[in-house]
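Chain naming follows the written order as A, B and C, and within any one chain the residues start at number 1.
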Amino acid sequence: MTRRLLAVGAAVLVLAGCGGAAPAETDPSPARTLTVFAAASLTDVFTELETRFEADNPGVDVVLNYGASSDLAQQLVNGGPADVFAAASASTMATVTDAGLVEGTPVVFARNRLQIVTAPGNPEGIAGFADLARPDLQVVVCAPQVPCGAAVERIETATGITLTPVSEEPDVRSTLGRVTTGNADAGLVYVTDVGSVGDAVEGVDFPEAEQAVTDYPIGVLATAPQPELARAFADLVSGADGQAVLAGAGFVGAP
Amino acid sequence: MRRPAFTLDVSISAAPGEVLAVLGPNGAGKSTLLGVLSGLLRPDEGLVRVGEHVVTDTAAGVHVPPHRRGVGLLAQQALLFPHLTARDNIAFGPRAAGVGRREARARAEELLTGVDAAALGDRRPAQMSGGQQQRVALARALAPEPALLLLDEPLAALDVDATPAMRALLRRVVRDGKQTAVLVTHSALDALVLADRVVVLTGGRVVEDGGTRDVLARPRSAFTARIAGLDLVPGVCDVGGLRTPDGLLVSGLTDGVDVGDTAVAVFPPSAVAVYATRPDGSPRNVLPVRLAAIEPRGDVVRLRAAAPPGGPAWVDGLAADVTPAAVADLGVEPGAELWFVVKATEVAIHGQ
Amino acid sequence: MTAPVRTRDRHEAAVGLPRLLWVPAGLAFALIALPVVGLGLRTDWPRLPELLLSEAALDALRLSLLTASCSTVICIVLGGPLAVVLARGRLPGLQVLRSIVLLPLVLPPVVGGLALLYLVGRTGLVGQGLELAFGITVPFTTAAVVLAQTFVALPFLVVSLEGALRTSGQRYEAVAATLGASPALAFRRVTVPLVLPGLLSGAVLAFARCLGEFGATIAFAGSLQGTTRTLPLLVYLARESDVDAAVALSLLLVVVAVVVIAIARPRTVAS
């Protein structure tokens, strides 16, 4: 009997070990941990801001969780533990505020707009949005279900030009990947994404992009374990330092 | 034909319409021989002719593949195609030969009747007993009218109840039907009933070859004697009997052998009387043995001998058939020392 | 083989199972079954018909069934002979070949998709040639979906069929040869019928794998309604905007999977 109990106990321990590994590892060193959920397009900017914040607040460890805004919103609604949420669209932030999970009103700290992305040197000579409707071009966009695709739809409505993309990708990074790998001639992605891959692609601005500027709101969660730090981090992002870093990455400043 | 640690080197032939039995202990090369005949194995050196056709000739580089040899096979396991009915199993060969569906079925029906399985035509193998399957398998093997039929222990896997009927069927269809066949078997009875001639293989060589009755009645090797159910003592012919290697004389009736010739003394186990103490009187052969095993065999009990300590080694393996009552009277167990007694008139001595 | 089919008798004493086995067995079952129950609980049943009958959903279902069927046929046509070679062939390095065939089972499908992209994509080794010679581009087409699905599903068919071939052995083929059947005829009339149950269960497994294929498809074929957006891709996308739709479509996939398993199971047991 004892041995049976041991076996069951061991199995339970194994399960517990699997589930509990992550927090156990991050636990010991710093006294306080700040958890930030951020849209994937903020990866470069927030990683830089993390370093600054940790320098300004000794003993604080900032844990960043990047992902599609909608995924992150779903996680938060389903009880994901976080202090700060920075989303890539107002609608995804609305999912979380509607659930009563955000303290106060979220603040728009940056805006992003679309840019045409082509192979380096723009071999197809794409000059504007209308060119994307050319039948000889393989164009990729984001699916309308995600923010960057919704933006494309708004531009289509505003211009009356309908694109016939070869693929509607589930996120902006896949869309960009189609062009960087040379499988598509052009794509529509955020200007910040174009900047992040350097010389592998070329960005082409187009005026109609102003029709669909995306807002990036940031909010402190009502259930934040570290509300003080959370507010401080949100302030850093919206403040002068944050804005400078955002502008460097190609974001348009807050309105 | 060479295999690792084994060489099969034989020359055999079966006349048209003749059934040749191949006997031999396990590992004697019987299955290898059938493999070479059927073409499923390639010999290192050799010539196989079926009728007029050379199907294997290593010297000339000829190897006709199995399906073009006209050599049929009936093995221990029926191996009926499980997805086909009995009728379609039988029709398979003729169909493969290009016979039309209707004609092949008619031929199958005829063969089903021929193997007493007319009622089984629509059954699948899973719905037949082992004996029924083997009947159908025989019909299937005969259907392409093979020039040579190989029978690889066709009765070995059957229930005891099904064996006599199948043996009788094989006799009727194969032997009486003048189907040229090579039969591999362990059983003297099968050979007697089914074969015209017998060859005995041991260690990859032919050691005996002749008419079935002759070979089995006058065995020259321990193996043949055992499967014929006879006791055999090797030695040299002497006056009045056979001189064993250790100098003992086994008295018996000599039959066309000269003194000094290599010979064997043969007697049936039923002619052996068994005593717990050494009996007196002559002219009898009295052999000291140690009891190795007690084997019930139908109405009798077979006592198997081993060499006794200090006694002659050649008694090893000799058998005596006695009644159960006699065993009870003797009150013996394996290991006991006994005396095997054989009348000289029961012992036949013939050349090897 | 000769014994009549025996149905289980209630009086037959069961061979005892160690009682402790029931605990992990129960946990394992719960791990598989409960999430599906969770899906059912989360489903917006009143909206279900509307969600499942949307144009996007119907397009995806149609595309999924079409591509999975095509891929399964290709798996049979190409994978069948491969299984025969692996089971019966006498080639040096067959063991290595077998390991390579198993790769898609082990690789994350998205890696398979990337691999296909770098082979048949516009800049890929074969893709460049195809575009130059025939003006064909493979990615973003329904053919790309079929290719991705075939890639991931092929081992399922090959492994299951190879197993069936090994189990049946070559005794029946030897008998067929002694009856005058050429190797080709013996293969057609004996080998194929004998391994048919294994082939069918392998095909059903492959079909199921194709239906569920996501990673290789999204990485290689892209995602466009009616052309490349199969049900799993639609589920992934719908999750972003309409969770109810995603759940409803997931439920549809579960139903299709259950139907497939129901078809496949008895044959798997029989073989």
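Just so it is clear, a residue touches a chain if its C-beta (ideal position, glycine included) is under 8 Å from a C-beta of that chain, and two chains touch if they have at least 3 such contacts.
Which chain is which protein? Per UniProt: A = Molybdate-binding protein; B = ABC transporter ATP-binding protein; C = Molybdenum transport system permease.
None of the values given here were measured: they were computed from a predicted structure.
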{"item": "Most distant chain from subunit C by Cα centroid", "value": "B"}
{"item": "Chain whose Cα mean lies nearest the overall Cα mean", "value": "C"}
{"item": "Separation of subunit B from subunit C, taking each centre as the mean of its C-alpha atoms, in whole Å", "value": "53"}
{"item": "Cα-centroid distance, subunit A (Molybdate-binding protein) relative to subunit C, in whole angstrom", "value": "35"}
{"item": "Approximate Å spacing (C-alpha centroids) for the pair subunit A (Molybdate-binding protein), subunit B", "value": "85"}
{"item": "Contacting residues of subunit C [partner subunit A (Molybdate-binding protein), same complex]", "value": "20, 23-24, 117-118, 121-123, 137, 139-140, 218, 221-225, 228-229, 233, 236-243"}
{"item": "Touching residues (chain side subunit B, partner subunit C) in the complex", "value": "38-40, 65-68, 70-73, 75, 77, 79, 81-84, 92-93, 96-97, 125-130, 133, 140-141, 143-144, 146, 150"}
{"item": "Subunit B contact footprint on subunit C (complex, rising order)", "value": "1-2, 4-5, 171-172, 174-183, 185-186, 189-190, 193-194, 196"}
{"item": "Subunit A (Molybdate-binding protein) to subunit C touching residues, read off their complex", "value": "4, 7-8, 11, 68, 70-71, 74, 138, 140, 143-146, 165-170, 174, 178, 181-184"}
